[in-house]
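Each chain gets a letter, A, B, C and D, in the order it is written, and its residues are counted from 1.
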Amino acid sequence: MKAPPAVGAERESMDTAIRVQRDFASDNNAGAHPRVLAALADVNEGHTPGYGDDLVTERAEGAFRELLGDAARVFFAFNGTGANVVALAAALRPHQAVIAPSHAHLNVDECGAFERFTGSKIIDVPVENGKLTPDDIERAMYGIGDQHHVQPAAISISQSTEVGTVYSLAELAALGATARKHRLFFHLDGARIANATVALGGDVRAMLVETGVDACTFGGTKNGMLFGEAIVFPRAHPAVEILPFVRKQGMQLASKMRYVAAQFEALLDDGLWLRNAAHANAMARRLAQRVAAIDGVRIAYPVDANGVFAALPPAAIEPLQARRRFYVWDTAESVVRWMCSFDTTEDDVDAFAADVAREIAQR
Amino acid sequence: MKAPPAVGAERESMDTAIRVQRDFASDNNAGAHPRVLAALADVNEGHTPGYGDDLVTERAEGAFRELLGDAARVFFAFNGTGANVVALAAALRPHQAVIAPSHAHLNVDECGAFERFTGSKIIDVPVENGKLTPDDIERAMYGIGDQHHVQPAAISISQSTEVGTVYSLAELAALGATARKHRLFFHLDGARIANATVALGGDVRAMLVETGVDACTFGGTKNGMLFGEAIVFPRAHPAVEILPFVRKQGMQLASKMRYVAAQFEALLDDGLWLRNAAHANAMARRLAQRVAAIDGVRIAYPVDANGVFAALPPAAIEPLQARRRFYVWDTAESVVRWMCSFDTTEDDVDAFAADVAREIAQR
Amino acid sequence: MKAPPAVGAERESMDTAIRVQRDFASDNNAGAHPRVLAALADVNEGHTPGYGDDLVTERAEGAFRELLGDAARVFFAFNGTGANVVALAAALRPHQAVIAPSHAHLNVDECGAFERFTGSKIIDVPVENGKLTPDDIERAMYGIGDQHHVQPAAISISQSTEVGTVYSLAELAALGATARKHRLFFHLDGARIANATVALGGDVRAMLVETGVDACTFGGTKNGMLFGEAIVFPRAHPAVEILPFVRKQGMQLASKMRYVAAQFEALLDDGLWLRNAAHANAMARRLAQRVAAIDGVRIAYPVDANGVFAALPPAAIEPLQARRRFYVWDTAESVVRWMCSFDTTEDDVDAFAADVAREIAQR
Amino acid sequence: MKAPPAVGAERESMDTAIRVQRDFASDNNAGAHPRVLAALADVNEGHTPGYGDDLVTERAEGAFRELLGDAARVFFAFNGTGANVVALAAALRPHQAVIAPSHAHLNVDECGAFERFTGSKIIDVPVENGKLTPDDIERAMYGIGDQHHVQPAAISISQSTEVGTVYSLAELAALGATARKHRLFFHLDGARIANATVALGGDVRAMLVETGVDACTFGGTKNGMLFGEAIVFPRAHPAVEILPFVRKQGMQLASKMRYVAAQFEALLDDGLWLRNAAHANAMARRLAQRVAAIDGVRIAYPVDANGVFAALPPAAIEPLQARRRFYVWDTAESVVRWMCSFDTTEDDVDAFAADVAREIAQR
């Protein structure tokens, strides 16, 4: 993605008024939900064992099991890169490879963390609408048993995808079936899993358990937490046994684990995670509707979750970025990315859509 | 360290009353300081750029430069393992080795994270009182230029040490001089740097800058933060240029960086970090004084910081652990470890010292 | 590449008569040149220091300096994968990436050895006729300075290429200029460097030194040696200083080094390496001419070196493989690969071309 | 080991006469056995499939199965470092550790290749007479199941050891039993396995199969080959399945495999490997007897195989090194290492023993 005007300049010019303005750069630019913040204070008193041997962690793990079934196993981690890499590292040997879309966060936005930590290779395949298909997998299944080739042993998809689309349950099930056929570990990068769950009607168990996902990154940070992601294995899997060691090696083991666990507890309690995501998704749909009506704007991908990808007249982009920060997704195609968050308001959306209309009209 | 009674059992038997009791297991078993917690709420409003390009991070970096001088460079990380490994990884190539005490956290408590992430080797040397000496370094400087041997290129020490001692300024300066002589990167694991600073009179600049430390892990978690450590380079160093990439690869880059930065800002503000540590150190001294007077107890190492290491009659250990959690440090020698925190109270200390006296007297 | 009929079957059916037949599967299926074999016996007497500190190695290094200039530095290795990976590993840090054609041996035929040993990432780009271009490089130069992206720091090309083409001096110079512009390490996988040198008129110094190549794998195995490749730096480069350590770590340091050195000495002596390659290239041209005349055969790539890539009627492939072993290069396009060696004879070529004509005519 | 006078000087002063002199520096300073050399020529004709799919490799594998039983699996590699690291890499995950003597070649003489390639850690333990004991293993078995500690999962011993001693069958069986008890992979670095086999009476099956060794490096280079080692699994083991991929990643897969295989075939044929070793061992015993009688010489370790370790008057060492090259093993103790080879003669031994007597008498 092409960045907004350079960071140094930005820092200088950004006064307090701008700082607290909500923009569309990323859902990780938002703060934390008040109930999440309150949960930190709630568990702050007294001493607890470190590294996850505490009651708060036990309760949060229980909340996940309630969500996903008793067989689910949960390991908290610091961030999405860590959760993705640790889960795959526990499942793969270095001569094994993971098949993933070319645009996967794992492939292009994690500075090679996967390769460095696992020593494995990513077989990246070009995809449409951000989605890997069974055919993509079949085409990547070559060189099996040949000692000169890395051995495909996993697939990794993002749900929702990097371009704001959401795999349907049928699409996921088809991937799961293909993965089972070839004995591939099915990994799902769920940095925005809540947005996808809402898009599919709210049944996360149907999405993860019944489709055959082996492990997912269950995102917290982009959905109202300060930090923290969960590595979730919906069912028993041999990788679970070594996961704690890999997590420690992956520098993802929090000593004061209660502070990750408490945030997830707050998020899962009473469906807050789904309400946050439902709101963000609604704001994205509202924004898409508003801008789709503007002459000169083309919505580039289906708006299934909380991101809007739109092709704009190139000259309009920088002036708009000066009003609300956002990223250019594809310079060549002049496609920008607008992400909505749990705290994006209807006014934010409407004001920005008006900005877009005005800016384009002026040109 | 030998653990207290097994986790499962512990969890079941631990009721709320016990959970909020303060114990002596680890300074990371304490919660967060109220001012640190408040700082999270203070920076929660509005959107800010992610990954450190925000004003809160800028302010916190400034606070470190005020502390250590304008040349200091600061990179926030999630935890101590991450901060240690990333700093060393930025400085070392895989054929280079780091000389460290056998008991270094890096060597025995990080599940081989250093080896896995860097591919380098630790040359571990037995030390006394937890302290590496220039002679230890000289003895480890062999095979230089020989392609069959890893090439020593760094030293790593803990300050305060794993056994609660503190290197004097003269000891640090001597290590720094030896490091310069052999062109070794001087790394300091400062998970408890505040406790050491207090022990040396409070001048952290004298400790880090004048002694020749190249990089340190500046601990936050064990001194009242929820999570977060800082990788600090007191002076310009070539490793600084690649540190951001290594941090990202090391899965230590927080997206909502403001929440790490704000905690450090609160901690550095008005000397809170030193007051927290001074209190913990005082509690350790108090505990040492109380138990040293008990027949059958021997203080195993000088109590320079916030940990007390004591040899006890073996039979007394488990009953005492049932009262307040703590770890056995050396089973063979029957030495236990008691750590004090910023929130340990005089009553905690006195009550526990009385427990120790009573338990030993009964045997 | 699609393999010939399975190994087990092949082994059983392969009697001595077939075993000593020359085929077109790979130039590494040939034996060693008699003069290379004789050189082993010549250096066999007595004891010499191991690991390269011997006079034979010194002489062979001298032969390379005569070939390439006094500034050249040479390190012998066991095989091509080792030579490629060690050279790049000495030049790159793990957050840095190498730009290479998608079909690069490094990328698809070395089982991820590069990723596993270096922890770095390959940015693979689709190319035409096997050749990377300056434009390909420019397109891959994005995300520079962005901590989320691996940093392009090298290019790696094969000369001759994987499809039997040869970069012209002008093409190499243009790559070299682009590499210098972006401060990229210019690596050349010369498993078939002799064939390329001959194709360009025999001036290896013009090819390596004047074009700006930083390091190359100078192939021996495919050109008449039993085993052994050389990592050659035509000019001074910082990576040279650590190369010996990286080679040892890369398990590529021969203890009885004289046996690698002696082979290279024999090969470089009196131009044997060029004569071997010239013959192989001539045989490939002869084969291409013969088969190009056959209706139903299309030469897929320019035949610049010792490989012929030809599209055949699919049904003809297996019957032909039963006569002389060779690989299918592209199943979808029905393109096969025929490699010629220093010991391929005109009779081999003519007989096989006749086989091809006959086999196709029958269908 | 302290090296003989520096390499540069050595090279200059070393004339042909000295070069072909046999010395005592290392058994890898010897040349190749004539029958091994002849075997290379025997298999040189014609084309064969690469990478081990050839009849020579098949025959050599068969020779190993004849030696060790039908369940044995053999993978050829280039050198000892490669064979050791690849075998262990196939058996271990990065969070698992290998227990080995401090002086293990793997630990001190391979430039950290193990750590770099596997990401795992070596738990090195001080040993007597070069031998690991079951008690050493038991002491290293701590932190099991603790996510902060690497998990011991293998032992690695050298047979014969780095100091020329040989584990008895009973000692090996005891190690094997302890390994089984703790589910540890039992790895044996047999760079000098022939010398050990001879020392134990010649029954290699008893040594490897009945004692419970899981994998060994079966040395060829030090016993009359030009290069080449074999990774041997005496019995079925899960690591065998992935060994080919790990070998390729470890850059240890020879393309012209027949040239490694043919050497082993020659060595195993008719017991040549044992005769070579028996001779070298006999020469070591003869040397030990001769020098033990000299006043001022102390034999430092039992002379079980082909190395003599002797404490000498320090002043005698350099003058003796000027006569025949050898290494100082322990500078502090003034212990030198003299290695005998398959081609060491009685005259070599007697002349050198006389040199030693003369040199010491003069001081």
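Just so it is clear, contacts are C-beta pairs under 8 Å (C-beta built on N, C-alpha and C of every residue); 3 or more make two chains touch, one makes a residue touch a chain.
On a predicted model such as this, the values are computed, not experimentally measured, just so you know.
Ranking every chain by how far its Cα centroid lies from the centroid of chain A, the top place goes to D. Here A-B and A-C were compared by C-beta pairs in contact; the pair with more is A-B.
Averaging Cα coordinates per chain places chain A and chain B 33 Å apart.
Note on chain placement: the centre of chain A and the centre of chain C lie 42 Å apart, centres being C-alpha means. For chain D, the set of residues touching two or more other chains reads 94-95, 110-112, 116-117, 119, 147-148, 150, 245, 248-249, 253.
Partner chain D is touched in their complex by these residues of chain A: 51, 93-95, 119, 147-148, 150-151, 242, 244-249, 253. Contacts from chain D toward chain C in the complex involve residues 7, 10-11, 14, 19-23, 25-26, 28-32, 34, 37, 40-41, 43-50, 53-55, 58, 78-82, 85-86, 110-113, 116-117, 221-222, 226-227, 245, 248-256, 259-260, 325, 341. On the side of chain A, the complex with chain C involves touching residues 3, 94-95, 97, 108-112, 115-117, 119-121, 146-150.
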